[in-house]
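If you scroll down you'll find the structure; I have some questions about it.
For clarity, chains are labelled A, B, C and D in written order, and residue numbers in each chain start from 1.
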Amino acid sequence: MIESLLQHLDTLLLYVFAACALVGAVLMLVLRQPMRVAMALISTMVFLGGIYGLLGVHFIAAFQVLIYVGAVMVFMVYVIMLLEIRESAGMARYSALVVPGVVATALFVGALGYGVWHGYPALIRAAAGTRFGIHQFSISFLTEYWLHFELTSVLLVAAVVAALAVIKVSRRAHG
Amino acid sequence: MFDAALLNIVVYLPLGGIALLLAAPAGQDAFVRRLTLGLMTLQLALVAWLYLRFDPTVAGLQFETRLPWIASWGVHYQIGLDGYNVLLVLMTAFLGPLVVAGAFTAIRKDVKLFYSMVLLIQFAMLGTFVAQDLFLFYVFWETMLIPMFLMIGIWGGERRIYATIKFFLYTAFGSILMLAAVIYLVLSLQSTTGITSFAFADLYRSQLPLDVQCILLAAFGLSFAIKVPMVPLHTWLPDAHVEAPTAGSVILAGVLLKMGTYGFMKLGFPLFPDATLAFTPAIMFLAVVSIVYGACVALVQTDIKKIIAYSSISHLGYVMLGLVSLNLYGIQGAVIQMVSHGLTAAGLFLMVGMIYERCHTRELADYGGLAKLLPVYSVFFAILTLASIGLPTTSGFTGEFLVLLGAFGAAWQQYELGSTLPLALASVAVSGVVLGALYMLWFAQRFLFGAAKAPHQPFGDLDLRERAILGIIVAAVFVLGLFPDEPMRKTELAAKQFQQLVGTSRTGVRAAGEPGRGPAASENGAPRFARAGTGSAP
Amino acid sequence: MKHALTLIVLLPLVGFLLNGFLATRFGGNRVGKGFVTALACGLPIAAFLLTVACLVRLQEAGYQPLVDTAYTWALIGGRSFEIAFYFDRLTAVMTLIVTGVGSLIHVYSAGYMKEDESYARYFAYLNLFLFFMLLLVLGRSLLVLFVGWEGVGLASYLLIGFWFEDPEKAAAGKKAFIVNRIGDAGFLLGMFLLYQTVGTLDMDRINAAFNGATLPAVSASLVGILLFIGATGKSAQIPLYVWLPDAMAGPTPVSALIHAATMVTAGVYLVARLSGIYLHAPEASALVAGIGAATAFFAATIALVQTDIKKVLAYSTVSQLGLMFVALGVGAYGVAIFHVTTHAFFKACLFLGAGSVIHALSGEQDILKMGGLARKIPVTFVTFAIATAAIAGIPPLAGFFSKDEILWFSFASARGGSTFLWLVASAASLMTSFYMFRLLWLTFFGASRMSHEVEHHVHESPLSMTGVLAVLALLSAVGGFLALPHFLEPMLPLPAVVPALHHHERTLIGIAIALAFTGLAAAVFLYGGGARRAAALRGRFPLAHGLLLGKYFVDEAYDFLVSRPLLWLSDRVFLRLGDRVLLDGTLNGLAAWAQRTAGSLSRIQTGNLQLYAFLALAGVVAALVWTWAHV
Amino acid sequence: MDKIQVLLALSVALFAVGLLGVVIRRNMLVMLMCMELMLNGVNLSLVTFSHQLGSTVGAVLVFLIFVVATAEIAIAIPIVLMLVRQKHTLDLNAFTSLKG
C-alpha cells in the first residue's frame, strides 16, 4: 500500500500541485486587494515550479522560481506597496463585462478542449521521447539557437531603454 | 568594368550626399546649398562621361552590374544603361543641378531636409531608370513616391495636404496593381519556363495567353498611365503641380512623368505584346484624347502653373501616341519628346517659380506686359513657350514631328488595310498642334504682352544665377532641335528592339522568332498593321 | 564656295544673333544704332550679292540645279532627313526677290524706325524673318521648307506684335500665328502622306516620282488639297485669310516685306514648287483655282470701302494672291511666280509709300483724314502713283503683263481655264483698279482733311526711305519686261492653250486694258471733287456698304462658330463637367463615403481596453469554433 | 486521464483564467498579473509537450518567454506608474483616450 503510494507519490504530488495552482489562479479573480492577488499568483507560480521539477526539467523549475517569483513578482509587489496608499477603497472590483467575459471564456475553454481532445488525440498521449536535462538544453541553446539567445539580450536592452524613456517622458511632462 | 562601377557611383552619389548633408551643422544653409549643387554637378559630369562612352552600336545593356540579391526569389541587383534609358538618365542628371540652383532663394524652411529630399528623389529616379530587374525597379519606383510626397506636403502651398493625399492615393493605387501583376508575372514565368527571375531580359521571354496578358497589361498600364498621366487619370497632376514648390514641380514635370511613358516603353508594351496589339486602338484613342483634352483645359485655366500642368498632359499624349505607332519614327520621336518635354516643362516651371518669388501670385490676371518689366525674363519665357508648342529648330518640333510622322505612317498603313479610325485619330492629333499654339500663345499674350502690370513692383530682372539656369536649358532645347541625330543614334537600337519585342507574338502559340511582318509593311513600317491584315490569330 | 547656299541662309541668322544679343537689353546694349544698322542691312545685301553669284554659277552650269547639303538632321531606320539647299530657276527667282526686296526694306526701315526705342529688337526680328524665309525658299526637302514655313510665321508673329504694349496688336500677332497653324496642320498631314507614299521629302524627288512612269500609290489630289490647306493659311486665302488684315498692326515696313512681298507668297511658291503633284491632281487644281478666284473677288469687294490705308492694301494683297492661285490652278505656274515677282515690287512700293505717308502724318492711317498730299510729299506721291498704276494693270507697267497673262490662262488654259473663271478674275481686276485709284485720290488729291496740328508737321521722308521707294517704283515700272514665265519655262512649262480660243488673245488684252482704265475713270468720277458722288452711292446702298465695311462679318462668324464653342467646350464640358464633377467628384465622393463608413465604425473604439480584450477573446473563440467546424 | 492530459488541461485553465482576469478585473496591476498568469499557462503547455516529445525546443521557447515576460514587466510598470501619476487611480476605466 505504502509502497504503491510511494511509487505513485510523484504523480500524486503532481495532481496536488496542479489543483493548488488552479486554486491560486481562481483566487486571483476573486480577491479584492492587489497584494493578495499577487500572493495568489506567487503561489501558483511556485506550484508550477514544483510541477516542472516533478517532470524532471529542474532548470526550468529553478528559473521559474528565480525569475518569476524572485524578480518579476518582487518588482510587482514593490509597486503594489508603492501605489497601495493612494488607491481609493471604493473602486469596483469587476468591469461591466463579467457575464459576457465568463461566457466567452467558458466557450473558449470548451472549444479549445473539444478541439484538442477530439482533433489531435495523438498529441496528448503519454510520454514517448527521451528525457533531457540541462546538459542537452544548454548544448542546443548555444549551438542551434544561439541567434535567438543573443537576440534576447537585445530585447532586454531595448526594454531597459524604453523603460527609461517612459520615465523620462513622464518626468518632462510633469515638470 | 570601371564604367560599370561609375554607373553605380552615379546612382548612389545622392545617397552619400544625404549623409554629408545630415552631418552638416545646423544653420549652414549656404553651405548645404553649395554642397548639393556641387554633388549634382559632379553627378552630371559623370553621367556625361558615361553618355559619351555609351556605344550606340551595341545592342543591349552596357556598364552592367549584376549581383545576386535575394537568391531564393531569383532577385538580382542588376543595373545598366541601354538605349531606352540613356537619354533619360542624362536628362535627369542634367536637370539635377538646375533644380538645386533654382531653389536657392525659394526654399528657406528646413533647407537641409529639403535638399536631402531632392537628393533622395534623384537617387530613386536614376535607380528606376537604370534598374534592369523588375524587383529592383519596383523598389526604386516606390522610393520615388516618398520624397515627392514630403516635398509637396512640407514645402507646398495652401492646399498642400489635399494635393499630397490625392497624389499619393493615385500613385499608390497604381503601384499596388502593378505589384500584384509583377508577382503574377514572375510566378507564371516560373511555372512555364522553370526560371525564377525578375530580370527584364528573362521576363521578355515569358509566354502568356492573350487574356492574361490583357489583365496584366491593364494592371501595369494603369500604374503607368496614372504617372504619365493620361486622361482620365490625370486630375492629381494639376493639384500636385499647383501646390508643389518650384523644385517639386520641376522634378515632377521634368522626370517623374516620364516614368510612366518609360514604363510603357520598357515594360508594359514589350512584356505583353499581344495585349498591346489588342489595346492599341484604345491607347491611341486615349493618347489623342489626352492631347486634345489637356490642350483645351489649359486654354481656360487662370493659374499659371495649371496651364503648364495641363499642357504636360497634352505633351505626354504625344509620347504615348509615338510609342503605340510602333515604328521607328514614332518611337524615336517619343523618346525625344520625353526629353524635350523634360527640358521645356522644367524650364517653364522654373520660370514660374522665379516670377512667383517676385510677385507672390500665380493668377494670370494679375500679370501683363512683362516683356516691358522683365525683358530678359520674357525672352526666355517666349523661347520656352515656343519650344513647348513645337516650333521648328527647337526640341519640341523634333519630338512632335517624328511622333506625328510615325503615328500618321502607322495609321495610313492601317487605312490601306481598311480601317479608318487610326487615320482619323492621327489627323486629330496633328490638329493638336493648333490647340497647342492656341493655349500657349494666349497664355504668353496675357502674360508677356499688353499694358505692364504686376504686383509687388519694383523688382529686378533675372540675376546671373537665373540667367545661367535658363540659358543652359534653352541651349539644350536648341541643340536637341537642330542636331537630334546624335542622341537618336544612341537610342536607335533600343527602338528597334522595342519594335521587335512588341512585334513578336508571345502567346506561346505562334512560332517563335516570326517577325510578324506582312507584305504591305515597309522596312520601317509598323509590323502590327501587317499582322492585323493577316489576322492576329493563327 | 561649296556651301554658298548655306551661307546665304546663315548670313541673316548671324545678324539676328548679334543684334539680338549685343544690341538689346539682353546683352546690355553694348553697341550703338550705327552698328545695328550696318549689320542688319549689310548682311541681307551680302546675301543678295551671294545669290546673284549663285545665279551666275547656275547659268554656267547650264541650269543644272545646285545642291548644298549642310548636315543630316536625323537618320532613322536608314532613311535620312537632310538639311539640304537646292538652287534652280524657281529658287533663284524667289531668293532674289527675298534678298533683294528684303534688303531694300531693311534699308527703308533704318529710316522708318529711327525713333523707335526697340530699334535693335526690330532689326533682329527682321533678320530672323529673312533667315527663315531663305530656309523656306532654298530648302530642298519639305522638312526644311516647313521649318522656314513655321519660322516665318514666328517672325511674323513677333513683328506684328512688335508694339506689344497695345493688347490689340499683340492679339493680332497671336491670331496670325494660330490661323497659320491651322493651315500648318493640313500641311503636316500632306507632308506625312507624301513621306508615307513616296518615301522622301525632297521636293525634286517628289516631283520626279509624280512625273515618273509609275505614279505613287496615293491620290495626288488628296496630297495637293492637304498642302493647299497649308498654303491657304500662309497665303491668306479663303477661309484662312482673316489674319492678314489684322497683321497690319505691325510696323509698315514689316507689312511690306512679310505681308505683301515675301512671306504670303510662300503658298504660291509651295504649289509651284510641287507642280509635279498638281499636274496630276485636276481636282486639287480646280480647288486651287476656285479658292483663288473667290478670294480675289471677295477680298477686292472688301477693299472697295475700307478707309484704313493699310487695310486697303492688305485686302488688295489677299486679292492679288487669289489671282496668283488662279494662275496656279490653271497650270500656269511660271505666270504665278511672275505675278509674285511684280507684286513684290509694286506692293512693297505701295506699302512703303503708305509707310512714308503715315510717317509724314505722324501715325495717321485713315485715308478720310488725308488728302492733298501730292504736293507736300512729292517723291512719295510719284512712286505711289507708279505702283498704283502698276497694280491696276495700266500698260506698260509691271502689273499689266503678269495680270494679263493670268487672265489669259484663266480663260484659255487647257488645264481648267474657263470663261467663268476669267469673268471672276476680271471683275477682281476691275475692282483692284478702282479701289487703288480711290486710295490714290483720297490720299493725295483733293482738299486736305487733316487736322491743323498734323498738317503742320507733314514732311517728306529721309533719303533712305525715298531712295528705296524710287528703286521699287522703277522696278514696278519695268518689271514686266523680265519675261519670267519664259525663264522658268524649262522647269515650269506653261499649260497648253485650248486651240479654239487662241484667236481671242488680243481681244482679252484689250479688255484687260479697258478694265484698268475703267477702274481709274470710275475712281476719278466718284472721288474727284470732294467724293460727293461716292457718298451718294453709299447712301443708296447702305446695307451693301455695311456688309463690305464689316468685311462680311467673317471674324464675328468665326468667333461665334469656332472660338466660343471651343472655349465653352473646354471650360464647361472638359474642365467643369469632366475634371471637377466627373473625375474629382467621383473621387471626392468615394473619399467622403470611406470617411463616413470609417466614422460609424470608429464608434466601436470606446477607448476601453477591456472591451478590446473581450472582442479579441470573442474573435478567437469564433475562429476556433469555425476551424473545428470546418476542418 | 493521465498526467499529460491533466497538465494540458491545467495549462488551458490557467490561460483561460488569466484571460478572463484581463477582461473582467478593473485594477491595472491585477490585469498585469493576469497576463503573467496567461504566460505561465503557455509555459506549462510548452514544458509538457517538450517533456512528452523529448525535444529541447519547448524548453528554449520557455526560456525566451521568461525574457519576454521580464521585458514586459520592465516597461509595463513604468507605464502604469506614469498613468497613475496622471489620474491618481488604478482604475482602467479612467483611461479612455484611445476613444475613436
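Here, a residue touches a chain if its C-beta (ideal position, glycine included) is under 8 Å from a C-beta of that chain, and two chains touch if they have at least 3 such contacts.
As the structure is a prediction and not an experimental result, all values here were calculated from the model.
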item: Selected pair, greater C-beta contact count between A-D and A-C; value: A-D
item: Most centrally placed chain, judged by C-alpha centres; value: B
item: Mean-CA-position distance for chain C and chain A (Å); value: 96
item: Inter-centroid spacing, chain D versus chain A (mean Cα positions, whole Å); value: 7
item: Gap in Å, rounded to a whole number, between the CA centres of chain B and chain A; value: 61
item: Where chain C and chain D are represented by their mean Cα positions, the distance between them in whole Å; value: 90
item: Residue list for chain C, restricted to those that touch at least two other chains; value: 608, 610, 614, 617
item: Junction residues of chain D, two or more chains touched; value: 19, 23-24, 26, 92-93
item: Interchain contacts, given as pairs of chains that touch; value: A-C, A-D, B-C, C-D
item: Complex interface listing, chain C residues touching chain D; value: 602-610, 613-614, 617
item: Parts of chain D lying in touch with chain C, wherever the complex brings them together; value: 19, 22-24, 26, 92-93, 95-100
item: Complex contact set, residues of chain C against chain B; value: 24-26, 71-79, 143, 146-148, 150-151, 154, 157, 161, 164-167, 170-171, 173-174, 177-178, 181-182, 184-185, 188-189, 192-193, 195-197, 199, 566-567, 569-571, 574-575, 578-579, 582-584, 587
item: In the complex with chain C, residue positions of chain B that touch it; value: 166, 232, 234-235, 293, 296-297, 299-301, 327-329, 332, 369, 371-372, 375-376, 379, 386, 391-393, 397-398, 401-402, 404-405, 408-409, 412-413, 427, 430-431, 433-434, 437-438, 441-442, 445, 448-452, 461, 482-485, 488-489, 492, 496, 522-524
item: Residues on chain C engaged by chain A in the complex (per definition of touch); value: 608, 610-611, 614, 617-618, 620-621, 624-625, 627-628, 631
